[in-house]
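Chain naming follows the written order as A, B, C and D, and within any one chain the residues start at number 1.
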Amino acid sequence: MPYEFKAQRRVEFSDTDMAGIMHYSNFFRFMETAEHGFFRSLGFTIAPRQFEAGQSKVGWPRVHASCDYHQPLRFEDMVEIHLLVAEKKSKAITYQFRFRKLDDGAGKEVARGRLTVVCVGYDDSTGAMKAACIPPEIAGRIDTAPTELLA
Amino acid sequence: MPYEFKAQRRVEFSDTDMAGIMHYSNFFRFMETAEHGFFRSLGFTIAPRQFEAGQSKVGWPRVHASCDYHQPLRFEDMVEIHLLVAEKKSKAITYQFRFRKLDDGAGKEVARGRLTVVCVGYDDSTGAMKAACIPPEIAGRIDTAPTELLA
Amino acid sequence: MPYEFKAQRRVEFSDTDMAGIMHYSNFFRFMETAEHGFFRSLGFTIAPRQFEAGQSKVGWPRVHASCDYHQPLRFEDMVEIHLLVAEKKSKAITYQFRFRKLDDGAGKEVARGRLTVVCVGYDDSTGAMKAACIPPEIAGRIDTAPTELLA
Amino acid sequence: MPYEFKAQRRVEFSDTDMAGIMHYSNFFRFMETAEHGFFRSLGFTIAPRQFEAGQSKVGWPRVHASCDYHQPLRFEDMVEIHLLVAEKKSKAITYQFRFRKLDDGAGKEVARGRLTVVCVGYDDSTGAMKAACIPPEIAGRIDTAPTELLA
């Protein structure tokens, strides 16, 4: 079963700040690009449209996010965001993300992130979110990455 | 009746880009700050929460947005965003926005923007947006600015 | 000589707002994606790195930006941003942008934008920007699109 | 000596995402608002303008950022971002951030963040960043918060 996904993005001008590098908050937007691409690769969407039939209507709010920055990313850098499923619980998933610059041959890791998301359903009458078990059709398609890959 | 509103924002580090100035797309986010502050000043909110009672559930998608840039804004600049109601129709409002730097005494105009928004309701069964008349409790509180102020 | 370029982007979760559609300011970030891809396609970069040799150190601040919105874009929509050079002067370029949704076969135009940028150099001692002629190696590579394409 | 600072921001429409809540990456932009306000409160700026005299030209790239989210923030929520200096080293500072909603009387903590920044200087000939000691005029103005406040 799938436990990883690789997305690519180019650093846009609007991703940079006056220090000439990608603003540190944008690494978290890039993590989502990989997370949502991972879901698409499984045949799901992270955010089913309202009134859309078939897929369970769940949401995935974040409860923890972190990033360690080793080297800056700059305008026009091509970046690989490598998602690995670090932990899978009944109501939560933790992802690890490795950012690599693709321009230099080595594909050097420039940052490493982590994201814990919980599965929530919505109360029909109030719209309030409440923790829910990951729907089996999703949980049954996601595996935890081998320990040696997460080191 | 009210036809103008002044909001203030400081240019944040994350609003800048690698050219050392506020990214041009962020002027449009600043325009909304003034638009939404204007609505609050009238006792409304631009985006009533779902299931919230009392206020008509309408939305205000943008159909036109433009901005002319005279001078750059930089990190930590204090900016006044001066909203003027340029036109009011049954289903649409056009705002003019004047950006002024507050740090220098003169309050020099550094940019001028324009936004046309239309009022929409939502189809209960499909969620689709459709143009709607501005609810009278809102339309009755908004006036068009005198022509001489819009020159 | 080249007068157009087509870029593609997928609407990310972080591009949306609470109305469930792409925030209107992000269309301006998408325009830049096409503008900068156009420059790369010509062998240039819109923002030469400091101390980088060879390419004239010029900047391209925006003096005008506008967008007309016909239909909303939603999460995961694949979008084509079609850049056309609408006007080329000695110190300024005006681009037209057509946004099309690629998911439906028709490639329907959902928005149309316009951007006027001026070429500036930097004063060595103060860093101040001043209008400059477009370097001939760049100007000589960019053509104006045929009138019938701009209609 | 100062070891804390409180900033306030209102959640803007453009800070939200299609889930109807503030996008999780924006908590990191809000943290910077408090960090940079803290510096201003000390008489400094986090980003001295190029060619500006007097203040040492140092930068503050982030090496670690994290956030734990307890409750969502929504459009128009007034938020207090409470910065506390958690650790001060010769070349690095770690901040703790507590996000509180100001609308309800209790000022409930909705998220808690952490940021480690390092002080860097710039090589005059290449522009490259290299770790540097925090200039004494800055270090001498910043204290570590009492342990009991950081619990």
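Quick note on the criterion: a contact is a pair of C-beta atoms (placed from the backbone, for glycine too) under 8 Å apart; a residue touches a chain by one contact, two chains touch by 3 or more.
This is a predicted model, so every value here is computed, not measured.
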B-C against A-B, pair bridged by the larger set of C-beta contacts: B-C
Chain of greatest Cα-centre distance to subunit D: C
Centre-of-Cα separation between subunit C and subunit B, whole angstrom: 24
Gap in Å, rounded to a whole number, between the CA centres of subunit D and subunit B: 28
Inter-centroid spacing, subunit B versus subunit A (mean Cα positions, whole Å): 33
Touching two or more other chains - residue numbers and ranges from subunit A: 13-14, 18-21, 23, 25, 29, 32, 47, 50, 75
Residues of subunit B touching subunit A in the complex: 13-14, 16-21, 23, 25, 50-51, 75, 125-127
Residue ranges of subunit B touching subunit C (in the complex, touch as defined): 18-19, 21, 24-26, 28-29, 32, 47, 59, 61-70, 72, 129
Interface residues, subunit C side, partner subunit A - complex: 12-14, 20, 29, 32-33, 36, 40, 45-47, 49-50, 74-76
